[in-house]
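Every chain is named by a letter (A, B and C) in the order it is written, and numbering of its residues begins at 1.
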Amino acid sequence: MHFGNYVFAEPYLGWLVRGILMTLLISVVSGTAAALLGLWVTRLRLTSRRGPRLAADTFVMIFRNLPLVPLLLFVTFALPRLWLQVTGRAFPIWADLYLLLAVLSADSGANFAEILRAGVLGVAPQQQEVARTMGLSAGAIRWHVVFPQAARIVAPALATRWIQNMKNSTMALVVPLPLGLLEMAGQAERIAGETFSWVQPLTAIAVVYLLLSLGSGWFLNRWASRAQARVQAGAA
Amino acid sequence: MPADLTTRPAADRHPGRAPDEPRVVLNLDQITKRFNERPVLSGVSLTLRQGEVLALCGPSGSGKTTVIRIISGLAPFDSGLCTIDGTAVNAGQPYPRRLYGSVGVIFQDACLFPHMTVLANVTLALRKFKRLPAAQARQRGIAELERMGVAPLADRYPATLSGGERQRVAIARALALDPLVLLLDEPTANLDPGLVDEVCERILALACAGTTMLLVTHAIDFARQAATAFALLREGTCQCSRDPGTLDHLRPPR
Amino acid sequence: MSGWIPPIVRTLLAGYPVPPSMIDPSYPQLIQRIGGLELTLLITLAGLLSGFALGVILLACRRNPLTGPGRDPGEQLLGQAVRGAAIAVVEGVRGLPIILLVLLVFTLPYPITGLQLPNFVLAAAAFGLYAAVFVEESARSGLRSVDPQLPAAGRVLGLTGRQIFLRIELPLVFRTMRPDLINTAVTLFKDSSTLAVVAVPELTYTGRQMMLSDPAIYGAALLAVLILYWAPATAFSAVAVRAERRRTRAEGFAVRNTMIE
């Protein structure tokens, strides 16, 4: 078996680099959106008002147990056609990329919400009470007292989920994206399509993924343990 | 401790003032509360005037913490009337919003926010509740920390502080909001014996300076020193008077 | 309009029938005839079983059975190498997205070894590896929670390291691993959908083929696919949560779960 290094020659190398950038873009955008979504959904899940709480609980319950591949297929292929059939109007031409980002954000957002909920339950109720006696509004208590502590308590789980979200970017394979927007796995498929061999492009992106996930894992876990240390001593 | 505080009885601390002059800051009138059919308070009445320190003592489980939670709006009560600086808190109705922030509470464990520095702990409510600009809040915060003798700790995190330091920061945090009354729930109960003095000193200093306080404590001697009025909470009711002898049931004077 | 719903579900459950001409006589015909949800469940099961076995083996390798006094340096080096290999496998598989793992397992063997393995075997291998990592991590944290006095007692009684591991520690760890195992099973079940990328005729691929054959009506097929994944996953997870709750209820958890409004 001859490992000719064609993958490092142009134009394939350029494609791979573009793919790496695209992967990072998808990861960061969907991860940030998921984090904000997770915060908001967690806030809704803990309200005493029944309607929003039920809606948020349902959202989490649905998206936590939906696999991404069929969901993406549904959203990008079937949903526009179903919509057309039911309402007679064409689905808005949103770039498939937006749909992909939305689905990834929703999936990770639901998982973030579940993790944060556990964190919030771990914050001592006295913290909220003290803040109340200090005149802070409910929103200020949530944002300045509860959520910062909750996030620190579950910091390792949040870090794991962030990395999982980055790995989920490969689900873009099932979405028909224009060639310029393909992320790493998509570019590998493209190269394999031209050279009839998966081996080199696949190994190359596997190495990149390992570096990315192990590297960011190391960084994130350092942050996570530092954040936890401050809160772990208890609300004294 | 300063000699004059240990030898002079508390009632002599404000010699020129007749006891009836200051206005009533806090008044509880026949407060009752049950927890799941078990009566905890069955008619608690007490009055606290401005500048006074009321020591609330009683056996464990007698409901002292419940009284504090009721006054600060953290727990509802079943009947009776609670009046704070003229604002009525009615049984069964939500605690008036404008009273949040007017009653300072110090819990047994200082309950500092662990993810913020000491200074940030003190200035949080100044910025978010009193809406002070950051520089002013910082100034005020440092002043309060100095008053409690913990100014050098301003940039440290609560987890690195001793118990006594944490309690002093908690008191500074509460005082920064200029509360009408300061409620202290057994502030030294969780502290190692060596750290109790530094907190008691500061509380005594506050008492001398005229801070209105409701002090729940097991330390009867300290109560006798610090307080101008005394209340004994027993079997759900409370006897209130200016006579330190009220506490003799719990511990005879030395 | 509702007339076409049962056929969709029936096909999703069983997959598309394989034409007799395409059946490979060299290995079990039954597996070749299965598709759809049945194949998904079969792959999940195969992945779980092989993953469990492989995970325990990985854990054993990681614990380095060849250390201790009385071993010559060659054996010690071998022990370290085995341990390093186990760690490399675990971290390597953990760091990769599942789609990439599937692609690697499906595309690498042939160019490297010339062996053309049947799809089912490759799928079982890929998910066995995937599950093994979950099992190993869960077992490792479970092992840490075992009371150290128990293996110490075993040593006092004269048991060898291997006997202690197999007879004392593993059975205890299996009990603590139960909720994690259920989570792993649900994850495997959902992530088996990535096999659609390599044209394995499981549930998602079947649904996709149906949709492509007639987009107008069979768009609903994918909706059915989603439900067929979501319902078992949710039901199974709910059972696990309830079992977990029953175990921790004894600890008297009293948690406030609303915020100040």
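Just so we're on the same page, a residue touches a chain if its C-beta (ideal position, glycine included) is under 8 Å from a C-beta of that chain, and two chains touch if they have at least 3 such contacts.
On a predicted model such as this, the values are computed, not experimentally measured, just so you know.
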{"item": "Contact graph of the chains (line, ring, star, complete, other)", "value": "line"}
{"item": "Centre-most chain, if every chain is reduced to its averaged C-alpha atoms", "value": "A"}
{"item": "Chain-chain pair with the highest tally of contacting C-beta pairs", "value": "A-C"}
{"item": "Inter-chain centre distance, chain A versus chain B - centres from mean C-alpha coordinates, in Å", "value": "47"}
{"item": "Cα-centroid distance, chain B relative to chain C, in whole angstrom", "value": "58"}
{"item": "Gap in Å, rounded to a whole number, between the CA centres of chain C and chain A", "value": "22"}
{"item": "Residues of chain A engaged with two or more neighbouring chains", "value": "132"}
{"item": "Junction residues of chain B, two or more chains touched", "value": "none"}
{"item": "Footprint of chain B on chain A - complex, ascending", "value": "124, 126-127, 129-137, 140, 144-145, 148-149, 152, 229-236"}
{"item": "Chain C residues touching chain A - in the complex, by the definition given at the top", "value": "91-92, 94-100, 103-104, 107-108, 111-112, 186, 190-191, 193-194, 196-197, 203-204, 207-208, 211, 215-216, 219-223, 225-226, 229-230, 233-234, 237, 255-261"}
{"item": "Of all residues in chain B, those that touch chain A in their complex", "value": "72-74, 100-105, 107, 109-115, 124-125, 128-130, 157-159, 161, 163, 166, 173-174, 177"}
{"item": "Chain A residues within the chain C interface of the complex", "value": "1, 43, 46-49, 61-62, 65-71, 73-74, 77-79, 81-82, 85, 120-121, 125, 128, 132, 138, 141-142, 146, 167-171, 173-174, 185, 192, 197-199, 202-203, 205-206, 209-210, 213-214, 217"}
